[in-house]
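Listed below are the structures to be examined.
Each of the two complexes below includes chain A, the first together with chain B, the second together with chain C.
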Partner chain A sequence: MLRSAAIWGLLSGIFGLAACSPSSSSQSAGAPTVRVCWPRDPESLNPVTLPNAYAVQANNLLYQSLLTVDGPARRHVPWLAATLPAVERRDSLTYLRYRLHPRATWDNGQPILAQDVAFTLKVLNCPGLPNEGLRGLVSFIRDVQLDAADPRRFTLVCRGYAPEYRDNSGEFPILPEYLIDPQGRLRPVPLQLLTRADSSVARLAPIRAFQQEFNQPARWRDPRTLRGSGPYQLATWQVGQQLAFTRKPHWWADNLAATTPALAAEPGRIEFHVIPNPATALLALRRNELDVYPHMPGPDFARLQATDSTRFRFYSPASYRVVVLEMNVQQPRLRETRTRQALAHLIDYDQLLRATQYGQGQRSTGLISPREKWAYHDSLPLRPYAPPRAAALLRQAGWQQTAEGWRRPQQPQPLTLRLFYSAGDRTYETIALLFQQSARQIGLPVTLHPTEAGQLSELRRNGEFDLSLRTLYGNPFAYDLRPLLHTRSIGSGGANRSRFGNAASDQLLETLASTEDSVAKVRLLHRLQTLLYQEVPFTPLFFEPNRLAVSRSFEHVRPNGLEPGYDLPSFTPAPVQP
Partner chain B sequence: MAGALLLRVARALGTAWLIASALFLLSRSLPGAAPQLFTDERVGTFGQQAAAETDYQQRLGLQTPLFYFRLLPWRWHGTPNQYHRWLTQVSRGELGSSFRDGTAVTEHLRRALQLTLPLTGSALLLGAGLSLLLAQWAARRPRWYRRLVSAGYFLDSLPLFVVGMLLLLLLANPDFWPLFPAYGLPADFSVTGARPWQAAPYFVLPVTALTISSLPALFLPVAAALREQWQQPYVATARAKGASRQRTSWRHVLPNAAPVFFTRLADLVPGVVAGAVVIEVVFALPGMGRLLAEAAAARDVPVLVGGVLLIAAVRLLAWLLADFLNVLLDPRLL
Partner chain C sequence: MTPARSRFRFSGRGLAGLWLLLLAVAAAWAAFGPAAGRPALVDVGLLSQPPSRQHWLGTDPFGRDVLTDLMLGTRRLFIISLPAALLASALGLLLGAAAGYWGNTGLRVRRSAAAVLLAGLIGLLASAPAAAGWWLLGAALATAAIYSRAAFAATVAVPLDWLVLSAAAWLGAVPRLVLVLALTALHPPAGGWLLGVLVFTCWPSTARLTRTLVQQLRRRSYVEAGRVAGYSAARLLWAHIIPNAWPSLRSTLPLNLSICLGLQTTLAFLGVGLTPDQADWGLTLANARLEPAAWWLITSSLLALTLTITAIYQLLPTQASPLQTSTSLASGMHVTKS
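And now, the complex of A and B:
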């Protein structure tokens, strides 16, 4: 009797608790709620820090920049600016003339003025703030000239010239001076003083006072301070768990007659749920507790497509993320070009795509996406998987196949290679195993070194590897590849981990970075692609797809290849199917 | 006895300081241990990256010397060094601030503990209670004892990840039995807030997984100790004098096996504050385990050192408490 009472008690307890499970509905009577899965927390919403892509995505709901990217159209469009800037080159300077949108206002009703842009640039250049990442992005802006006649007009005065200046000049979030610096401490400090590399600036009284106020971490979690001219405001932030944004009841762009996609803000509430485990995220999506699951793992995406296509829409546009096998060209074993070419023939690209991307993804001959037809060098053939050809190339490079392996006459040690990659990454693990298997076919031993990400970064920076797997993030706007390929970017100066480069390649990269003429640019890009194809400092494996599953309750997803891969503010409820 | 306890407390504090100092110095001196502004994925502007990294390191205070001196070649740095500044902060009860968001480490720990303590604390209590009851019951039943020991070893061999995923796929799966929430906590959850019991369904699966995995660690040694005690002559004497099985079990056998129970429990107590990273990842709970794992990955040394210091302190405290209880039960151990 007692036992059965205990069992019933336990069962009713469980059912009682289960009855308390949350409701899974996301639609309210008014504007809908969209729930998005994130694998990690944004860590900081401070608009000058932006440590990762999630922080950037959240910030774009709170703040606006002068220009924004229209993902599906793959171009920059005006956001806070009324139009794209007019570019004028004079002497060694470039002038970018902007006018802010005449209707743009802050939440307190005050207009957004050129003075706010000048204030933002001062904040981004102010020493002692966590702005080191963004400071580099605006380092080409020397001064701001305000228009005395029109407080919304201003000119950015830039050092030198680069074609990317126009887009880059509009990419930083415009900050409200009335909230961030209500005492106007930075107002008397000229921008030119802050852009100077002078350590004494940090000791000025107004700068120190501003630093102290700005660096209070609590203010960057406070919805009252953390607000810009964007359509959303922070509702809650439970660190490591959930972020919620609500639509402002009155936003300056609400009453614009012809709203462009950039000025759309349809959802009433946007929630980001932090779920690090993909299996849990998939369950939550299937339980209708999530509406959007971006960057889905390939196997989960394929399974969900097979089982739940009536409830979800699936998108997989090619992204600008390319996975490459990087080769350390300064390692004596890999110094010879033909050795590196041989390794590129040891990759079964089609099998890789099947095994890691479930047939999706796109092969390429270089770092430029084949989607960018104007820039992609399509005359170069895709390298085939050809172990016999690889063996022949090794022989041409002076290696001789012996019973102990591949060796050179003057070298006692046979050729062995160490392949490093980030531990725990399933895609890298599969690629590494397949490559090891292929290399074994021609008697070339490859040892695998899954390594912790921070440690791996250090090894790569110091050039202590032979081969490594890496994902490079690109976009269709900028073709300044100096941070990746210039010799000055070797080591801690940049991200040239293959340590490739010489005076000629540096010259080519510099000319490319400063060339505006599209015909000349295409010619230079083709030259660069040919050079990289021949020299093989890395071999591109594939461009990843942006795998995205979205509940059929929503439409106007606007999937695209750029981060985050969808346009959340455009989401509208889908009409109910009869 | 008080003197001996004081000595142990002093020894424990010294050990905690040694552990924290070693961790602080190692975490900042090993190659690749310094936090980097730019990673292989996040590339800086051409020609600006090195300067930006220097500014970043300077803002975090990593440009000053690490310790009072350098050995090779010898150089005396004096008190303006990272270790001295950290030690001064610790002596004031501060643990510095996170490299990632500037928030005080104590605030990070407080927030994580708010979730971890109810999660792991309830799992430990459940595990301890259940294992004690099971061990008491099985110690007198040889056939059941053998079966439960086998089951205990089987459970012990199951990785926590597997236990968590099995529970999730069985009891939170829309294809099977979606009884409990699959992840997270209610949006407005706070232990001290209104109606914290609304979070109870969210805790059922993670607490069950942790209880299942901690059960063998307590049950197996305690059951073995109880079984050994049941074979002692004093049990026969107690039974011959008319003590019931129940009374013999709780009043005579258990006190003699209790040191094993307390010692094993003391080993598990640090896990209450350390969290369970696997379960926190599976059920998307932002507790101590995830905080420390993410801090380690991001080289957020102040958070990492603060967390380890807390865990080390709790471990030492648990050992002290276990020693104290064992001495109370058996003064010969002093």
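And now, the complex of A and C:
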């Protein structure tokens, strides 16, 4: 259920005291209610925006893409498509031939057709919409060819070839034209016109009219508009508190779950309770007000395992979530590479792993998990904790240690750094305190700034930070890191918060994305990892496991290392133990 | 009072004084000692350890020594709560004395000056915080200019009593914690702002008490005699009324101190305006949420807080009313029993 192949984002907690109000019993006579803990609000349910992993998870209940990920099997499977696409390479183009599921219909009973796929691609490429993330994901699709004989068949025409095209081509949500563009404003506009980088397109009358309608914020909170071909519909959304989804009484795939597990949708109601404070979340879980608590802090997980193993099942599959210390390379004091390298030596990685992950978790030299042996650059050494080495690097970077601190001859102000992180997150707090203590050892003052998650996102987008702690999540299917590292992704349009990048790194990322040959791809990935290791726009602290606690009232959890780490629609009530 | 109770009272006050002295020593150590400006040492090898010979009060979920953390936390009591209580008491005294002495008709200002001050106040509230100083300066200069001229001499009574009572009633109508949280949301509650917020929310009780006492004392014959003798209002208030009201008023300082301490600790417990490297008893208590089984965290911080508030209450004066005493004043006037 993960369509965020190239979307990397921030996942963090918000400090607060949001309480989990008691709700009705999680088990009804028929389809059960599942209550899940979320540390933050999804911010937006607009299917083309998807600002964080929670928005992606919620959207996967409302909308379907052509393909989805079978988490435990770690492979793509058909979802709205009848089968995986047939791939054909001809000249410099790749043709991906799809057929939509013959029984797939919208909620109004109309069949889902290739025309809807074409409409979706137009929306994702339409200028003036907040679709930057998904537009990057489908940027390799040049055109869509509809089959005159079969309205469910279509062919995606792609530039060049890459092995990831097959999977990436099916990862965007298919949108209902009858709800989003009932006037058919985009119908006469050809997709090829929208995929061109032509600014005059945005001035066309139908485009402007569509933009105006699409960008009304109220639309994307309205359950009547937020409807796709998914099995659930939005019931309530109390911002910062709770989201609830109910199972549609009639869904097109109602009788297909037995033959196609990806089409399972067992719970009658799914509630996401936003509880930023881990202690409050743990209390709510213990008081039977929650059924699922994903990404638990290590100490809470260990304690719950010791005390409540009869009520909960515990899972901790290795995940693709990596905690990094991000550095704003555009800040004058962090512009010098050796300064950033010095900071990377001020983290006691092994102590951190022990204190926050309780022995679980894994160190890495970069963003690629060491479990992905084919792509991981294992020749790079893990950076050690070495304050004397950090001090030496600072001197090499031109800083001189004085009684007032580290300063450069031409700079009157001594070096001080501001470390931002999401307030209330115990892991981040431990990291921040340890880093501050290590920095103090060499006379480098670091001020801590625990910040509310929404405000923190804004600060990061605007580059108003020196250092920040961030959790990035990915998957093993694609290594298109442009949204995270390309200079085009700096600012509100992407996720490049470290503001790292230059012409050479952009070129490397572009080549990596378009390389077909797997050997060449590995070579490029190694080059990229070496570059990031040397330039240190961030230093990876550790890959953390997905610590998941689920009430024993449920089975078919299907825990896995991919976001969100469990298969919520497949949850079924566990048989009552005698 | 029986001798036994008197002894108990004395020993209670002695212990209270001793405890507060210890706090002052701890605060001085935190401010000027070898650990000044440094948070307690983080040791991830000793997360949430119970009390032991090395760590008398155990360690917190970040491996910091709880005793050191509490001692460092006393510094904030002396730089936030104590000044806030002093300032709130002073502000309440000032406003209450003015309201009690002048009432609604006793203070008259030039009509034009009142208009200027009102405009300044509206401008202050409507403009950006950065422009507040300019509004105040402008209003002050305009008022000075008005009073420097003989023209615009028509005066108007300032309903001081009504203004003070209304402000106190408004502040009393909103739960204090809610008000403080709302104000700290407006601005990052760093030292100065937090101090201001505490002063702003804690002055009304002192003002109400002062107003009542001054209203009673201003009708006394020696005050009337002073007025007839041509003493200024300030001299009457400062030299003759306030000293007689003082035995009752001095009880408000410990009360304000305990309120400020409670609010400061509550804000720290809620994580408002503090980072995890700063020491505060409320923050120590809040860390117990991360490790509910760590009883030593809850016990030690709550004990410190309870002992301090109890000690402050022990210092409350025993006299019930200033009007039951007779005080010889520098001016030679005498307060008689009513």
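General remarks:
The rule is simple: the second predicted complex is superposed on the first by the 342 of 578 C-alpha atoms of A that agree within 3 Å, B and C clash if a C-alpha of one lies under 4 Å from a C-alpha of the other, contacts with A are read in each partner's own complex, and residues count from 1 in each chain.
The definition used in the following text is that contacts are C-beta pairs under 8 Å (C-beta built on N, C-alpha and C of every residue); 3 or more make two chains touch, one makes a residue touch a chain.
Only a predicted model underlies this, so the values are computations on that prediction, with no experimental measurement involved.
Legend: residue contacts after superposition of the two complexes on their common chain; A:Pro450 is shown touching chain C, with no touch to chain B. In the superposition on chain A, A:Gly424 contacts chain C only, with no contact to chain B. Once the two complexes are laid over each other on the shared chain, residue contacts for A:Glu289 go to chain B alone; chain C is not touched. Applying the stated contact rule after C-alpha superposition, one finds that A:Ala279 touches each of chain B and chain C. Comparing chain B with chain C, more residues of chain A are touched by B.
Once the two complexes are overlaid on the shared chain, A:Val239 sits against chain B while remaining clear of chain C. By the touch criterion defined above, A:Ala355 lies against chain C but remains apart from chain B after alignment on the C-alpha atoms of chain A.
When the two complexes are overlaid on their common chain A, residue A:Gln436 makes contact with chain C while staying clear of chain B.
Shared-chain residue A:Arg497: touches chain B; no touch with chain C.
Annotation: chain A residues 15, 17, 277, 279-280 touch chain B in one complex and chain C in the other.
Note for the complex: chain A touches chain B at residues 14-15, 17-18, 20-22, 40-41, 43-44, 46, 49, 51-52, 127-128, 130, 132-133, 135-137, 139, 197, 215, 217, 220, 236, 238-242, 244, 273-277, 279-281, 283-284, 286-287, 289, 452-460, 470-471, 473, 480, 482-484, 486, 488-489, 492-495, 497, 513. Here chain B touches chain A in the complex through residues 31-33, 36-53, 55-56, 59, 97, 100-104, 111, 165, 168-169, 172-175, 178-189, 198, 200-201, 204, 281-286, 290-291, 294, 297-299, going by the rule given at the top. Note for the complex: chain C touches chain A at residues 38-39, 41-42, 44-45, 47, 61-63, 270-271, 275-277, 289-293.
Chain A makes touch with chain C in their complex at residues 15, 17, 277-280, 299, 303, 351-352, 354-355, 423-424, 426, 429-430, 432-434, 436-437, 440, 447-450.
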